[in-house]
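Consider the two complexes below, in which subunit A is the common component and subunit B and subunit C are the respective partners.
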Partner chain A sequence: MEFPPIHSFPPLYTRQPNKLVRNKQLETWAGIILDNAKKLHRWEIDKTGRFERGGPSIFTSESIGRAVPQLFINEIWRHMQRNNQIILRDESLQWGVLDDADADASFYVLWRPLDAWTSLILEWFDTANQMGKVVTFYELAQGDESLDCEFHGIPEPLLLRILKPLVKRGRATMLKGDNDQYVAIKVV
Partner chain B sequence: MDLWYDVATNNSGRPLLRGGEQVVLIQDAVGLYDGKERVEGRQSGRVFLTQQRFVYVDDLNPTGNSVALDLENVASLEYSSGFLKRSPRLVVFVRDGGTRPPGEDITSAGFLTQWVCPICAEKNSTEGKFCDGDSSVQPVCFNCGVPADYELARDSIKYIETNKSTDPTDRDTVVCQSCTFINHKLMKFCEMCGGRLPPRKSHRSKKLFLKTGSLKETPQFFQLSFRKSDGSLFAKAAEKTLNDARQKDIFNQNVAEIDGAAVNPTVKEEELVKKLDKMDLMGINGLEKFRENQLLNNDILFTNALQDLNKLMSLANSIERLYKRESNNSGSSTTAHPYLVVDREKFFTKDSFLDEIAREVYEFAMSEFKDNEIDRNVIVTLVDFYAMYNKSVRIGTGLISPQELRDACQRFPKLGLHDLKLLKVNKRVLCLTSVNSLKFVEERVMEIVQGQPGSDSLKITQVLNEQAKTDNSWAIGIIDEILSSCINNGKLVLDEQMSGMLYYSNTFWSL
Partner chain C sequence: MGQKGSKIEITETDRAVLQLKRSKDDIHRFSRRTDELISTEKLQLKKLIKENPKDYKSNLRVRLLLKKIHYQSHLLQQASDQLVNLENMLANIEFKLVEVQFLQGLQRGNEILTKLNKEFDNVDEVMDNVQEQIQYQEEINNTLSQSVIGVDNFEEEIDKELDDLDKEINPVSEIEMPSVQNLPELPLKNAPLSESADNTKGAKKEEGDGELIALSS
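Moving on to the complex of A and B:
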């Protein structure tokens, strides 16, 4: 992970009492998370700030020996949620899960807003000449065609949530696979 | 018009009284009239009635425009109430020719009156002309001490003209009224007993010429015009004080006791207490009375001790000042100690009492913090200051309440006392600060934090006090308040650790 200089500024790890300063602090944190996710191409993060299980938390700095307390981390998550920068990975969960210390929760990190992703993919269909063809989610996320695209490697459940609005608008139809799950899309 | 002379006041606009002089009453919003003419620049002030003088202290320019008139120059007083737009006033008739030893009437100077006392038939001779209807000369019998009645003594009166210049106590000497020692004319206090000598016109230090509209011959009276109140109480008090002062001059002047009873009022008080002590009071009531008396006794003792101490201090101060002026000739440091004897019974209204307390408190604060002269920055929480004030003064005269102190401090700007102000830090802690000190300390704190990021409040206080170089240290409570105010305005940010709060300058999230 790469961090800006502010990551080794001790007050970053303490919830600032001044509301205006705190808002800037929360934005700083959101920026650090989104930047890292984008650079590392990570889509998921758990509520302790780890991109992968067992990895280092983004909220910890070894060099200055500081870590953000979980309560403040939760505040950061809520701030990012308000700005549509993260969504809960498990759609059946509510945001109240953050208050439950024992519960496990993880998020999809959206360094672009959901509808920006939707239009990006739509654009890809156009430029890649895939209009009117059936494209599987696997092809879209992992296929060679999308290798250079920003959304390459996107988890399929997230992809489904990005593409759903197209179906609602009547721009696309989805096809179900064997086990009654959507596996492919056709954009018209 | 040269009867009024300048008086020194301290910075907060309270007159410096003579030793042993006590304020009887204070009247605010008074204007001075010379005869019937307004006196320029002395139209709004307070008049202190003391046992010895009227002291006028100007509201606008207390150090420059304050004047005093000795009671011994006052012939009589007359009170005239207000009428329509005319405010009530006290007319002060002065004696001709101004200052002179009391008991000697200038109109009859050069006369010696011989008369026989109608009570004890003793032959007396009195200076001055003893005639009917002249109340100013009322000779007292040398033998029996009873004032002579003109009607009864009329037959025996003889006038003898004397040559004034043969008077041995005329020009070069002043006779002490308490011990009769003949002092040099320039002395103000007796060299033997230290008593105050009667002032002489020829060597008054600073004569005052009040400016009026026209330059007519000197009027025979002055007027004190009461702008706000009707002043009748003041007039009565002045009358009484004047009478008391006269009585003292004439009647049994040097006598300590008459028929075994003490004359000195302070002695009298003690005597009274002693007598009460001896009274055979029974039961709980008796015990309570006894206890009260004991307390009263202690109070008197303490007050006297305190007064003595104050006198000693002022003496030491003046010696110190003299020494300083001698040594480096740059002596303009006039820091008089406050009297700390403001008595709430001397005021008509709570308002004027608070005004006086405000001046007092201001003076106290200034003298208390004068060590800090280098940077002249003072911040003290009102709670601390309250304790300091009440601790250092007011035994016997009663303490002031926190509310009173607060009200008094709020009056500083109104009274033209601009060096200190009451400030609410962080909307909760009331502090008494000098004008720029909060900003000053804030800047210093910011400097320290920028120089050493991650300092805690203890360290900041330490560094700050090392820099200050004086014994006067900044309280950590104040520093804490300043730090939290810096956080509130976004200049500092926090790093909370197990060991406490560390402070950093807000370099990343500037507002």
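Moving on to the complex of A and C:
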């Protein structure tokens, strides 16, 4: 992970009492998370700030020996949720899960808002001449066709949520596979 | 689009394409996994050889690992061949679909063309009708112009009046023209004649002489 100099600034790790300053602080954290997710092409982060299990937490600085307490981390998550920068990975969960210290929760990091991803993929369908053709989610996320695209490597459940609005708008239909799960989409 | 109930149809072709693409994805996934497996096994192999620099050739694990690597690469080769096959097939299907659309377009165009041509069936009748109407219109025009003015040869009268006006405005050119044309034809015999003509119109004498000289020289 790469951090801006402010990541080594000790006050960033303490919840600021002044509301104005705190808002700035929350925004700074959101920016650090989004930048890293985009650069490292990471789509998921757990509630302790780890992009991968066992990896370092983004809320910990080894160089100054500081870490953000979980309570304030949760505030950062809620701030990002309000700005549509993260969504809960498990759709059946509620945001209240953050209050449960023992519960596990992880999020999809959206360095673009959901609807921006939707239009980006719609644009790809158009430019890649895939309109009216059946395209599997695997192809979209992992296939050689999308190698250079920003959405390459996207987790399929997130992809499904990005594509759903297209079905609602009547622009697309999804096709089910043998396991009765949606596996492909046809955009017209 | 956008309306409720206008669902996008999923055709048999779509289903077939989906199945093909699913197999393609599976093979793609398999090759990626095998690729990773081979590289980790290669790393392992190198590690083993480093650990047993003396007797690695007789080490069973080393031999097994190398065999496995060979086998996996063989599978990978097969998988990529199959992948190419599937991709070719998909491309063929896509092209066929385009061709079908092309054919449908041609058919529809043809239908419309025949339909439009049918509308031209009574074209002769229409043209006759139009001709008749034009003639009738001309008749009406003639009748109207005559009856309104009340004079039959009004056009001739107009011509005459215009001629008179012209004479009034340009008396010179009318007189000048015949003298210039006649002179060169009978240069000697007409000399007295032209003199008498000059006498009657003295004002024009000089100009007439000038032209005579120019023509004879």
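The rule is simple: the second predicted complex is superposed on the first by the 188 of 188 C-alpha atoms of A that agree within 3 Å, B and C clash if a C-alpha of one lies under 4 Å from a C-alpha of the other, contacts with A are read in each partner's own complex, and residues count from 1 in each chain.
The rule is simple: a residue touches a chain if its C-beta (ideal position, glycine included) is under 8 Å from a C-beta of that chain, and two chains touch if they have at least 3 such contacts.
Quick caveat, the model's predicted, so the values are computed rather than measured.
Asks: With both complexes overlaid on chain A, does A:Q25 touch subunit B (first), subunit C (second), both or neither?
Replies: It touches subunit B, and subunit C stays clear.
Asks: Have a look at where A:V183 lands relative to subunit B and subunit C in the superposition and call it first, second, both or neither.
Replies: second
Asks: Which of the two partners, first being subunit B and second being subunit C, lies in contact with A:P11: first, second, both, or neither?
Replies: Once the two structures are laid over each other on A, A:P11 reaches subunit B alone.
Asks: Using the superposition on chain A described above, determine whether A:V109 touches subunit B (first), subunit C (second), both, or neither.
Replies: Neither partner.
Asks: Looking at the overlay, what does A:G143 touch: subunit B (first), subunit C (second), both, or neither?
Replies: second
Asks: Can A:T173 be said to touch subunit B (first), subunit C (second), both, or neither?
Replies: second
Asks: For A:K133 in the superposed arrangement: first (subunit B), second (subunit C), both or neither?
Replies: In the superposition, A:K133 touches subunit C alone.
Asks: Give every residue of subunit A touching subunit C within the complex, in rising order.
Replies: 133-136, 138-139, 142-144, 169-173, 175, 177, 183-184, 186, 188
Asks: In their shared complex, at which residues does subunit A touch subunit B?
Replies: 6, 9-18, 20-21, 24-25, 28, 66
Asks: Please name which positions on subunit B make contact with subunit A in the complex.
Replies: Listed in rising order, the residues are 454, 487-490, 493-496, 502, 504, 506-509, 511.
Asks: Would you pull the subunit C residues touching subunit A in the complex into a rising list?
Replies: So the residues of subunit C touching subunit A come out as 1-4, 6-8, 10, 14-15, 17-18, 21-22, 24-25, 28-29, 32, 94.
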